[in-house]
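Next, two complexes with chain A in common: one pairs it with chain B, the other with chain C.
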Partner chain A sequence: MGLRVENLRVYYRTLSGYVRALEGATFAVSDGEIMGLAGESGCGKTTLGHSLIYLKPPMTYMEGRVLLDGQEVPIWDMKRMSEFRFRRISLIPQYAMNALNPTRKIGRMIADLLAAHGVDFREILPELKRRLDLVQLSHEVLNMYPIELSGGMRQRVVMVISTLLNPALLIADEITSALDVSTQRAVCEMIVEFRNRGFVRSTIFITHDMSILYQIADTIMVMYAGQLVEKAPTEVILRSPHHPYTRMLIASLPRVGVRHRQERLQGIPGAPPRLLDPLPGCRFRDRCPVAFARCAEVPPFVEIEPGHFVACWQEI
Partner chain B sequence: MLSLEKVTKIYRTGALGMRKLTAVFEVSFEIGDKEIVALIGESGSGKSTIGKMILRLIPPTSGTIRFEGIDIFLLKGQAVKDYYRKVQGVFQDPFASYNPIFKADRIFTMIREEFFPGISRSQWEHKVEEALRAVGLNPPDVLGKYPHQLSGGQLQRFLIARALLLDIRLLVADEIISMLDASTRVDVLNLLADLRDRGLSILFITHDLSLGHYISDRSIVLYKGRIVEMGPTERVYARPLHPYTEMLMASIPRLDQKWPGQHTRIERTTSYGSSGCVYYSRCPIAQEICARRAPELVEVEAGHHVACLMRS
Partner chain C sequence: MGRYLGRKLAIYLLTFFFAVTIDWLIPRLMPGNPVDTMVARMALRADVAEVLRSYYIRAFQLDLPLWQQYLNFWIALSRGDLGISTWLFPQPVIAIIYRAVPYDLLLLLPAILLSWIAGNQAGAMAARVRWLDNTLLPLSYILTATPYMWLALLLAWALGHVAGLFPIAGAYSFNIRPHLSWLFIRDLLWHWFLPFTSLFLVMFGGWAIGMRNMIIYELEADYSRYLEALGAPQRLIRKYAFRNAMLPQITGLALQLGAIVAGTLATEIVFAYPGTGYLILQAVQNQDYFLLQGCFLFIITGVLLANFTIDIIYALVDPRTRLGMTGE
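What follows is the complex of A and B.
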């Protein structure tokens, strides 16, 4: 069944008013799907990921529904969400590998975490050890402090911990951005491996790096200034993007093999709007080369071919 | 124009500075006129340390850095100022380079006070506007604003414009793209190429190989403070010689190609000790001799150097 999000609207409450960080998102992630969530800083991709598990103030729920395997996820209710967190929905935040408690040995920390969720550490220990083997970590790490491990090792520990209870949904937020390329690759391959082995059913992999998504994602969803822009299978969105923003974004990426002397790439002129009082309608329209009068209305996120959704009036 | 000769930097770390950390070891290379040289390496490879030494922010432990033939650490008084007229740096985090309580264009005023005390107001304003246009900014849009009112790309271009106000010959650009968004970073890259075509040399320090490939004329690959490979960018990317460069090339996520085959991680427990190759513990083609003998940088084809006993 997977995840279904309907018209989700999440704002940030600030002294100067609401920051409209996520505006009416409707999409689905099916079982076994690794969906890449891409976009520039401030586009709302992290807000979307975090709102599915922990609505930390000043994040404010405005409207919308989230369904996991057909069951309503009460994201607006902090208390009721605790039965979903970690067990059914798990999150690896951006700097997780640096957020391990430095005064606790790793094994002890895992035991505390499991106890908080009513799971017996000794019961799960054999499975924990199997998973450490799988990610090529020695069982010794359970008796070590986080400081004794390298960044790549800590990242692997975090991945094992967050998927230990086989969540239905894993949200990985920029987990590769602080890593060296060789470690980056290893972490990405673990995400795919965990899905293949059924430790995790659906994954939302948040990153600004499209080339990483090309390596591991089944589908890619692109956001811009709080709005969903386009979602399609990876090959489709990279080879024939339909939304002008996706097209310009992909065209601006330096690929290995492209040299400035032979081909001069183009950026996107202009800057994203402030989300405190954004233009009504499509938020890309003031930077869009093909915008027309209709763009003053919000374009619907419509399926133009199976599995390919676009929010652009030019496509309707 | 700029040359490094056997430059070594050893940091003292740990309690009371008892432990030594060799950040850069016997690095030698040159930067010529109108050239973009990419200094490529992962975290801890010593790439930023090299940039800081060229900017005289930290002294090398041994070795010399010469600019136009003169050792930059022997410069005194006015000569230091003259050096900074010609060599300037721009760093990774544009937001950290500004004082948030002052307007962003204060960086220009500071240059005027320091380097051009005699210039008239209108002449100076003209010069600033010219520099801003050269970096692709529209002066009325960006002058008189606070740092938080400008985007990262605009702030980064401001810093480049600031360097252009001087008679700059060499720009040390340390990861200046990595905090920018995809849609604006390519504009800053193109700007660097335009500046090169106008006569500037640039040391482009980066961990991102595709950016380095897009922009640079020559590439230098660092591993643990040593140069492992150096040569014309096209050659280094088309035919990497060092196993470390090969591994990097195979690990970069690309948009046109999936990662090849299975990822092999080799970790030998024996390290290189003091005499062997730095890459020994991770090298897939290492032989027993590599643990004992450190490879020299050898020229394998025109301008293409590699430090590997197996490949040279």
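What follows is the complex of A and C.
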């Protein structure tokens, strides 16, 4: 069944008003799907990812529904979300290398966390060890403090912890950004391996590095200024992107497989919009080469072919 | 950890050496001569005074070359001999200090430990409870900004002088001889209450603020956010944050120790409490340089020892130092 998100709107409440970071997102991620979530910095990727597990002030739920395997996920309710977190929806955060308590042995910390969810550490220990083997960590790390491990090792520990209870949905936020190329590849392979072995069912893999998505994502969803722009199987996004923004994004990329980061986005003329009082209608309008009158209305996110969604008036 | 403590120990030994040297120099650099003062106080005939003077100078070894005096000072020190008091001649300085130490400890240990524990608890609570934060925090800022002597004077005046609830001088009533009985213990506590309270309150404020700010910082830390995102209960997150916030508070205790001891000395003077602080006052008033020297030496040693103890405790509770991962 996987994940269904319907018309999800999440803002940040600030002193100068609402920052409209996620505007009416409707999409689905099916079982076994690794969905890459791409878009330039500040377009709302983290907002979308976090709102599914950890919607905390100043992040404010405005409207919309989230369904996981057909069951409503009460993302607006911090308390009720507790039973979803970790067990059914889990997160590998952007700051994974610093995500462990520096003064607690890793094994003890895992035991504390599991106990809080009513899981017996000793029962799960054999599986935990198998997974440590899988990510090539010695069982000794359970007896160590995080400071005794390298940054890459800490991140692998966090990846194992986050997926330990086989969540239905895993959100991985920029987990490759701080790594060198060879470590990036290893981390990506782990994400795929976790899915193949059924540790996680659906994965939302957030990054602004498109080349990584080509390696691991089944589908790619692109965001622009808080709005969903296009979602399609990776091949389709790569070969025949439909949305003008996606097209510019793909065109501005160097050869596939070459590492490239934000500077590529500067190839697109114009500045990304402020989300405090965004343009009404299509937010890409002021940078869009093919904009026309209709674009002052919000374009719907429609399925133009099976599995290919685009939000652009030119496509309707 | 061994290396960490070894380095600390070396630093403390060096500090001790310099502090003792300066301590030895002070009376010798000060104007006036303790022996002259002592002899003058006796108001003797001039020729008798002269005989006595030369006797005392020999007795205090002031006729030797300076380097020999200095060497003898260390030798005597290693035997626990701090010289003879001129004020309470011929009592040894060390004996006078020994009589004062129990009163210092009686004030210092409970004040430090209780304020540290209570301040940490209160600070941690303030970080969680809004109304407590709004009341306790401003109060703590006022308390910690108050000089020790100032609060001591205020309490002595308000609760002692005006309200007459507590005595304002001495460690026990003049008409009671120290002995082991409920009567004496009650009297002792009654005299102890005000100086203890004034120390406790000032320190409490500092610990409460420190803990409150540290715990808020820890609750914002990445590991707290990760735990929260994985649905860990607030209880667990706060437990971690409290334990981690405690570590800087231990270092804070080491850093504050000097100020705390100085505050205690001032408080003892205000309440005429017969600890080392009160002795120092007497030594100054009576120009008893050897007693003064002894008191300082005792304080230096005490503070250094206490600091070293705290360092050991810190190394034991913080895995980062224990594993030698960080320098400090």
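One rule holds in what follows: the second predicted complex is superposed on the first by the 305 of 316 C-alpha atoms of A that agree within 3 Å, B and C clash if a C-alpha of one lies under 4 Å from a C-alpha of the other, contacts with A are read in each partner's own complex, and residues count from 1 in each chain.
In this section, contacts are C-beta pairs under 8 Å (C-beta built on N, C-alpha and C of every residue); 3 or more make two chains touch, one makes a residue touch a chain.
This one's a predicted model, so the numbers in the text were calculated from it and none came from an experiment.
In the superposed model, A:Leu238 makes contact with chain B only, not with chain C. Once chain A of one complex is fitted onto chain A of the other, the partner contacts of A:Glu40 are limited to chain B, with no touch recorded for chain C. Once chain A of one complex is fitted onto chain A of the other, the partner contacts of A:Phe292 are absent, as it touches neither chain B nor chain C. After overlaying the two complexes on the shared chain, residue contacts for A:Arg185 are found with chain B alone; chain C is out of touch. In the superposition on chain A, A:Leu249 makes contact with chain B only, not with chain C. By the touch criterion stated above, A:Ser211 is placed in contact with chain B alone, chain C being left untouched. Overlap of the chain B and chain C interfaces on chain A comprises no residues. For chain C in complex with chain A, the touching residues are 221-223, 225-233, 236, 240, 243-244, 247, 318-320, 323, 325. Against chain B, the residues of chain A that register as touching in their complex are 40-41, 136, 180-182, 184-186, 188-189, 208-212, 214-215, 238, 248-250, 252-260, 264-268, 271. Only residues 50, 53-54, 56, 81-87, 90-91, 93, 95, 98-105, 112-113, 116-117, 145, 147-148, 158, 161-162 of chain A touch chain C when the two sit together in their complex. On the chain B side of its complex with chain A, the touching residues are 42-43, 151, 181-187, 189-190, 193, 207, 209-211, 213-215, 233-234, 237, 247-249, 251-256, 258-259, 263, 265.
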